[in-house]
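Just below sit the structures, each encoded as structure tokens.
In what comes next, subunit A is part of two complexes: it sits with subunit B in the first one and with subunit C in the second one.
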Partner chain A sequence: MSTEHAAEHAVAHAPNAGEYVAHHLTYLNTTGHKQTALVDWSVLNIDTLFFSIAMGVVGVGLLWLAARKATSGVPGRFQGFVELLVEMVSDQAKGIIHSETSRKFVSPLALTVFIWVFFMNAMDFLPVDLLPRIWEGIYGSMGGDPHHAYLRVVPTADINATFGMSFTVLLICLYYNMKIKGVGGWIHELFTAPFGSHPVLWPVNFCMQLIEFAAKTISHGMRLFGNMFAGELIFMLIALMGAAWTGFNAPSILLFFGHFVAGLAWTLFHILVVALQAFIFMMLTLVYVGQAHEGH
Partner chain B sequence: MNLNATLIAQAVVFLVFVVFTMKFVWPPITVALDERAKKIADGLAAADKAKTDLANAEKRAVEELKSARESATELRSGAEKQANQLIEDARAEAARIVAAAREAAEAEAAVAAQRAREALREQVATLAVAGAEKILRKEINAQAHADLLAQLKSEL
Partner chain C sequence: MEQVYGFVALACGLIIGLGAIGACIGIALMGGKYLESSARQPELMNALQVKMFLLAGLIDAAFIIGTGIALWFATSTFLK
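Now for the complex of A and B:
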């Protein structure tokens, strides 16, 4: 699929490899063109929001379907599978967070993170050109310029999405820090941990704490973003191999074969990455919230 | 890698999904799981209870059987004793009846013998008189020899 589309693309508009990748890495945002400023709070990435909400509705909706008909009698296969997920998340949460009342919020939080991130990551399994080409057709038929029909389908390959989640986790951590230790206790900890309570060490401790929070949050969001962005990029590069088709000649056939083999291998490997990154994001969420419960 | 308002929108969407999961997904499933665990625990406890109940019932049944057997033996020996007693009584009664009958028969026989003897005596006296008449060839005055005849009668 991606081969054909990329090939058509190459014939019709003849973009070079760099233009193809750049086009694929441009978001469909509210301005209609590529965002140039590093930070611009007036812009929304419509594609990221659309696909993340869609995947959330699908993922959480599936859980809800099972929960709606949940019976304490003999469960069906679907309910059994959802129960398996719930048990897995619940066990992890029990091992990390010892407060029963916190778990009432944190366990569903972890389940949501896992299922949502998994489904968002899984958008990578769709052929890399499928949805962008469909969108090009729709956009063109609406009178737009197909060259500017941008669409990115993997929400977690957008740093706004991953940071949006990791910042939310940070806010939850700050809330639990204050709830468990009290505002005074937490401020005391900010200045006296990890090195000690001597007044000379207060600024050092405070700086360490700030760095710790920043490092946790940024690495949390960056890890998922980096993995998914790299995965998407490699799918594009693999698609480019097929896009180099110029007819039945040796290099084209070789590249087509390479496209097939590399695409298969990377998709298979990506199944692991998708599930693993969703799991890691969930586990880090639990660990960070768990740390907010523990005094230094 | 450009930051924009998507970040805030994503955070809001995230929280909405988390709250939805917390309200509508997590509780029914965990409740179902807990309930099932309780049902299984109850079932196991009931099975254990049934097992002990069965053992108790078997023990009781064995005891009942034993006591029933004992009382049956007791009854049988009592009945045997009573039967023996009855037979003894009947035997004694029979012996008594036989003895009484023999006594009555003997008495009757004695009376009959006596009567026969009396009759014989009468006839003997008559015969003797007739014999004597024949011998003496003369009429004997029965009246005159009544004493003699009475004496003869008593001698017989």
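Now for the complex of A and C:
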């Protein structure tokens, strides 16, 4: 069925490698075609929204399931695993944030962030063409042109999603800055840290603080985006090796072999990247909120 | 156009190569220190391991972002 479809596709219009990658890098957004302006607030990326919300529901649902069935007796494997996660996150939070009342909010936040980002990253493990092909079929059967059926399945490979999360962390940091130090105390810190309280140094200090906040937030979002985007792109390039199949001849078989080996190796390495990036995103959230608690 | 191809190839090589040098030196320094410190204080091994992975991710990030950008340049130039 799929080869038939592919052959039919090839007869109609064979996408070359560049078009294939470009097609897979185009979002399904509200305008229906590729976003041209660098910043356009009127465009919503429907695929990112859908998959991030779906993954959020899955993550929170799993936690809810574990909490609902939790026993104080001998826990099952699932409950044990969730307890392990909760304990790991709350241990990390204890080491970084010393305020008990803040931890009541920040520890669950970090746990949610960790699981959510992990599930969103884990969308990368699905074969790159699986969901886009299914969507192509659905879109085609709804009367649309299958060549314009764009879909990107990894929400964290969309810079809008990662910046959305890192800006939320920034807002939480600002909130805790004001809550812990008071609005006056925080403004005082903005102008007197890190260099000193001499009036000449006020603008310098303020600029440094602004740069610090901007750098933290941008690197927070860019790090996750860059890792997931590069990972997704490499999966696409690996898929291209298999797509170069022209029949049973030496180059095709060699490329198919390379496709298999490279795909396997990259998927295994990607398991580490996915878990590590989710963990780093969580840890940086904790560290930034922890910094908001510390006076200079 | 051939000149553009040449420049893009050079640029991608530089982005990935220089990034790899930095990331490798960083990982090597940190890994060495980790082994040293866990040989000195084995009871700290677990706590240090978590921090080591965290830092490994931080060190790798710039390199991976660079690799992604370089791959994008390469695919959009050579695979047209």
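Just so it is clear, the second predicted complex is superposed on the first by the 284 of 296 C-alpha atoms of A that agree within 3 Å, B and C clash if a C-alpha of one lies under 4 Å from a C-alpha of the other, contacts with A are read in each partner's own complex, and residues count from 1 in each chain.
We take it that a residue touches a chain if its C-beta (ideal position, glycine included) is under 8 Å from a C-beta of that chain, and two chains touch if they have at least 3 such contacts.
For clarity, every value in this text was computed on a predicted model and none was experimentally measured.
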After the overlay on subunit A, what do you see for subunit B versus subunit C, clash or fit? fit
Based on the superposed arrangement, let me know which partner A:Met165 touches: subunit B (first), subunit C (second), both, or neither? first
Which superposed partner A:Leu237 touches (first subunit B, second subunit C, both, neither): second
Anyone got the angle at subunit A's C-alpha centre between subunit B and subunit C, nearest 10 degrees? 100
Between subunit B and subunit C, which makes contact with more of the residues in subunit A? B
Which superposed partner A:Ala215 touches (first subunit B, second subunit C, both, neither): neither
So, does A:Gly226 touch the first partner subunit B, the second partner subunit C, both, or neither? second
Partner chain in contact with A:Met283 - subunit B first, subunit C second, else both or neither: second
Identify the partner contact of A:Gly18: answer first if only subunit B is touched, second if only subunit C is, both if each is, neither if none is. second
Which partner does A:Ser90 reach: the first (subunit B), the second (subunit C), both, or neither? first
Distance of closest approach, subunit C and subunit B, by C-alpha atoms in Å: 11
Residues of subunit B touching subunit A in their complex? 1-11, 13-15, 17-18, 20-22, 24-33, 35-36, 39
What does subunit A use to touch subunit B in their complex? 29, 35-45, 48-49, 52-53, 56, 60, 63-64, 66-68, 70-73, 75, 79, 82-83, 86-87, 90, 104-105, 107-109, 111-112, 116, 155, 158-161, 163-165, 167-168
Taking the complex as given, what residues does subunit A use to touch subunit C? 16-18, 21-22, 92, 219, 222-223, 226-227, 229-231, 233-234, 237, 240, 273, 276-277, 279-280, 283
Enumerate the contact residues on subunit C facing subunit A in the complex. 50, 53-54, 56-58, 60-61, 64-65, 67-68, 71-72, 75-76, 79-80
